[in-house]
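Have a look at this one.
As written, the chain order gives the labels A, B, C, D and E, with residue 1 at the start of each chain.
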Amino acid sequence: METVIKAQDISFSYGGEPILYNIGFSVNKGDFIAVTGANGSGKSTLMKLMLGEIQLQRGNIWLFGTEIRNFKHWPKIGYVPQNGTARAGGFPATALEIVRLNLYSNCGLMRFPTKALYKNADEALKLVGMQDYSKRLIGDMSGGQQQRVMIARVLAGEPELMLLDEPTTGIDAESAQSLYMLLSKLNRERKLTIIMITHDIARAADYVNRTLCLEEGSIVELMREQILTEQYHRHKHPQRSAENNDEHI
Amino acid sequence: METVIKAQDISFSYGGEPILYNIGFSVNKGDFIAVTGANGSGKSTLMKLMLGEIQLQRGNIWLFGTEIRNFKHWPKIGYVPQNGTARAGGFPATALEIVRLNLYSNCGLMRFPTKALYKNADEALKLVGMQDYSKRLIGDMSGGQQQRVMIARVLAGEPELMLLDEPTTGIDAESAQSLYMLLSKLNRERKLTIIMITHDIARAADYVNRTLCLEEGSIVELMREQILTEQYHRHKHPQRSAENNDEHI
Amino acid sequence: GKKEPAGDGKLSVCTSFYAMYDFASKIGGDKINILNMVPAGTEPHDWEPSASDIANLEKADIFIYNGIGMESWTDKVLSSLENKKLTAVQASSGISLLGGTDKGDPHIWLSPEKAKREMENIKNALSAKDPGNKNFYEENYKKYSAEFDALDGEFCSKLSPLPKKDIVVAHQAFGYLCADYGLNQIPIEGLSADSEPNPAKMAEIISIAKQKKIKVIFFEELVSPKVSETIAKAASAETKVLNPLEGLTDEQEAKGEDYFSLMRENLSMLEEALS
Amino acid sequence: MSIFEFEFMRRAFIVGFILALIVPCIGTIIVLKRLSMIGDALSHASLAGVAAGLILSINPVLGAAFACILAAFGIEAIRKKIPKFSEMSIAIIMSAGIGLAGVLSGFVKNTANFNSFLFGSIVAISDFEMYFVAGISLLVLLSFIVLYRELCYTAFDELSARLSGVPVKTVNSIFTVLTAVTVSVAARTVGALIVSSMMVVPVACSMQIGKSYRQTVLYSVMFAVIFTLSGLFISYYAGLKPGGTIVLTGVLCLLLIIIIKKAAGRTVRQ
Amino acid sequence: MSIFEFEFMRRAFIVGFILALIVPCIGTIIVLKRLSMIGDALSHASLAGVAAGLILSINPVLGAAFACILAAFGIEAIRKKIPKFSEMSIAIIMSAGIGLAGVLSGFVKNTANFNSFLFGSIVAISDFEMYFVAGISLLVLLSFIVLYRELCYTAFDELSARLSGVPVKTVNSIFTVLTAVTVSVAARTVGALIVSSMMVVPVACSMQIGKSYRQTVLYSVMFAVIFTLSGLFISYYAGLKPGGTIVLTGVLCLLLIIIIKKAAGRTVRQ
């Protein structure tokens, strides 16, 4: 089986404070993985490391078999950042223009997208249910609409690996459901590999084939049963929860 | 019963395109209300209208019995915006400093917060489980941590009415649970009135006493049974859902 | 032709700044139409021409300027003109410069003797362009060349007996004048008038002024007197105007002042300062 | 007397028109990268180049162009360090530039007139300059069209652009050079005032009414052309200074648009 | 020969020190509101006031101060219209200011030397100016301390500030006036270069190491004091121009901090 990502012994700290410690895992082609963990456990940090957005401090990552520092085929990867719509605010571009930007992955430097590629962009907007808003400025949209455009943007690039950092943020229940179904379908039919950070593992569990959880700098694989006992954390750390209960309320 | 908000015949459109149409409702002291609705249905717009952040075009709103255009007691209202952490990014202030800013509501112009008030800020951070991060710069926090600080900020001001626009965005499952419990407790014990926009009505239903839904410019009150049939939308619009299914997948 | 001939057949002359204007109008008298480009009261070191100035140049026969970097815009403007009949006259040409390079000190007109040479250059240019009035120009030149000699004589006789030889000036404009009469200028600022003084140099000037008992710190009317005042105060001196004739103020223009009257005023200022 | 009677006015119209085509293109990206004041900063910073040129007896205009490019890369480098406040990088490089110019000018024997090396006037453009501006503009315009998507994507989000295969560093470098070259050439020809405001004012106007990125770019070019040509007309017939008139035409137009928009009752974007 | 032997140097140290206390306070808020270039814009815009003053035979310095305040309110007004790109408002007002100055100067009989009347030098400060600066600075410092929380909250988020009872409009107006007054007084006394860079460079330094808002403010004041005093020393003993030296000291220090931070292996904030 082809290995899409392999991480070995990664450690990372922000200015002395350790966040990730000796983490290793591997992702195969066709995997649909949910990553979960408490706020501040390092999920986004881990994803940024996989994107080369922050420099590795220890250990190594291989993307599609290539060491990350030599990796060049970034267009194979689609990324939807957490709070990614923040920057979009005042940018004077329509939803369609923003989605079309990512066609770059398919045609590359100095070659212009073909008609067929342009259809890709329309398709992507349709997939997230935003076809009626394609001519609207991104800044004139509601929070959930912006997030859906950001997802469409990545879909239009037809990546082989998608990294999604809390993609359902701000998306209404019905559309979130459709998004999960869409991802699941792409995963099944096109063998798209997906890694998705989410806090909603109960729901994600229906679609993903693996669930990873970050805890105190380490990564653990959750079994399906563990997730289905919904309030997983409560059961696992009864004391901490009790403490929390006292403090929080 | 004291009426906290009364809205009558509000209509609103962005540049000709109608968003809200003839909306009226009233909120009593001690209500805990969830507002839901599809992306782009106008939830955030409605909330901004109640805050005087965008100008009313038709109809009127009364806050604590005063017409909104004459309303002055804004410190009675606490607001956590959608994507509110976007602006926080580079601001060089610690979590505690940001929470303390809102003590302004309690002491006002040119008077400095007392020791007791400062304790309020510490308390608020504790309530959202961020006491260990009080000295950290807001820009150096994870997305969920930032969101929790934003909520603490509003809590520190001890408002009588809280308006929350998707407050659990990016917050991990366990903390979201605590947040709901906290809000519910404040609602019960201090008679705090809460209006919360959320897409997660299934969970919210356990805590709120009313659920409003925005649909095609109108507001409808959902009954408890409707919510508990979880996939409410599916049942209500069988055709639309079917269509969506075709398109989305 | 596209260009309307000057209605009265007179030579049309443009000059860059005040000193050039004064010299050219003294030579040309009523035989020429003369136009000064840098307006009264403007410090010429950072002036720039507008559309109507350039339109005037397009229609002029002669353009008179001092050169040596005094009017830094001339190269650019002259190369952009299409006026084929225009003669550009650099009044300083042929005059030996301080430092000997062509990038030296442009303030030639402040030496009466060298100013006379500039006027001669102007006269030659006018005569060449308008031979019909050659005699008129020659006459005028003769008259004013005598005045220049007289002025030179006055400077010599009045300044040479004075005991002090050092003057503190706002910007380095008086090199030629000082060279002629054995004076020594201590400039607060460089050749152009708009830079910021350096504190070490200010301290040095103050020390020299104290040591040499300098009574007057000179400033210019077109530049802020703050620095001069600061130095004057520290050296217990007073401030007086020493005019570099780079431009006139409105009042001076209204009073009908010209090169000679202003230079004589400068002379009396110098006498007071050096005695 | 007709306005086109004089070669220098015809030239002003031609060069003004050419620059009105390219400066707002650069300007749109500049504004979206939050570097609005870059025109002003670069033209001031190149004073340091003039001073250095005079000290080292290099052609000061070359010195200025060199300093301009250096300053532009300096801004780009500092911007990376303070990504949340990219406009700070401009203030820093501008300070550094003027500061250096001030200190260096102390060593220049003949300061002559600093500014004159730098600032041109739109009504005094030589043959050589006209062809030079036309050549550079063609280059800039071509680069802008070829890199249209790359520039837009990079301005929108550098990380996403990199992931989709845009060579972000190269694009940024090319754009930095284009900006510096445009500013230094245009400042020397038509004056720094016109360049730095043509980068922002037409873009501000078009952002008020543009309904897409493409429209924003096109309208900004259209506005720039209108401002330049009508400014030149007005300045000639009313006897005003051309640079100031062009800029004021633009600012007044912006005010008008804002007032009309407000009157039309449209709510302001949050 | 000792540096303090001369009254003008003593004065430069006193006035420099006072301004180093207040300018970075204003500067911190300015930077957080993304208006870093406001110092430069205001001092340029006040040229229009000088020109207008000369035309209307009003004292040009008064005219400049008035124009400065007007320009600051202009920036504030436009900022509201383009909240997502607040730094654009600076470029627009700056263009308008210089453009207006250019056009108006065409009508001024006696332009004298614009710049020299507007811009002072730190080594040539009169008695009156020293006391004036001290007075204004006291006023600004007091306002800054009294409005410490209000200013911080307004810079952080205007809507939240309003909801928590901060009179945002009043605070913004007061701050606008404080900024304009500081810039115009300081530019006339110690030069625009020093003011506009003291607003940004020390803040940039302190943002690199500050671990809270309070620290950011305090460090920026500390940096400003260090830059000013050491800059004056260096300029005196090395025979350099004081304004440029002070600013360059600051910029070099910033570079040093950035390099050290990078060397210390700390990753940059995203």
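We take it that a residue touches a chain if its C-beta (ideal position, glycine included) is under 8 Å from a C-beta of that chain, and two chains touch if they have at least 3 such contacts.
Since the model is a prediction, treat every value here as computed from it, not as a measurement.
Taken together, subunit C and subunit D share the touching chains E.
Taken together, subunit B and subunit D share the touching chains A, E.
The most distant chain from subunit B, with centres taken as the mean of CA atoms, is C. In this assembly, the chain whose C-alpha centre lies farthest from subunit E is A.
Subunit E has its Cα centroid 39 Å from the Cα centroid of subunit B.
Between subunit A and subunit E, the centres computed from C-alpha atoms are 44 Å apart. For this pair, subunit A with subunit C, the centres built from the Cα atoms lie 74 Å apart. Centre-to-centre separation of subunit D and subunit E, using mean CA positions: 24 Å.
In subunit D, the residues that reach two or more other chains under the touch definition are 83-85, 102, 105-106, 207, 239, 241, 269-270. Each of the following residues of subunit C touches two or more other chains: 46, 50, 195-196, 198. The set of subunit A residues touching two or more other chains comprises 14, 53, 89-90, 139-140.
Inter-chain contacts occur between A-B, A-D, A-E, B-D, B-E, C-D, C-E, D-E.
By the touch criterion stated above, subunit E contacts subunit A in their complex at residues 83-85, 266-267, 270.
For subunit B in complex with subunit A, the touching residues are 14, 36-40, 43-45, 82-83, 85-86, 89, 126-129, 131, 133, 140-145, 148, 166, 169-178, 181-182, 185, 199-202, 231, 233-234, 241, 244-245, 247-249. If you check the complex, the residues on subunit B that touch subunit E are 51, 53, 74-75, 77-79, 81, 84, 87-88, 90-94, 97-98, 101-102, 104-105, 108-110, 135, 137, 139-140, 153, 157.
If you check the complex, the residues on subunit E that touch subunit D are 31, 34, 36-37, 39-41, 78, 80-85, 87-88, 90-92, 94-96, 98-103, 105-106, 193, 196-197, 199-201, 203-204, 207, 239-241, 243-248, 250-251, 254, 258, 268-270.
Every residue of subunit E that touches subunit B in the complex is listed here, in rising order: 32, 146, 149-150, 152-153, 155-157, 159-167, 207, 210-214, 216, 269.
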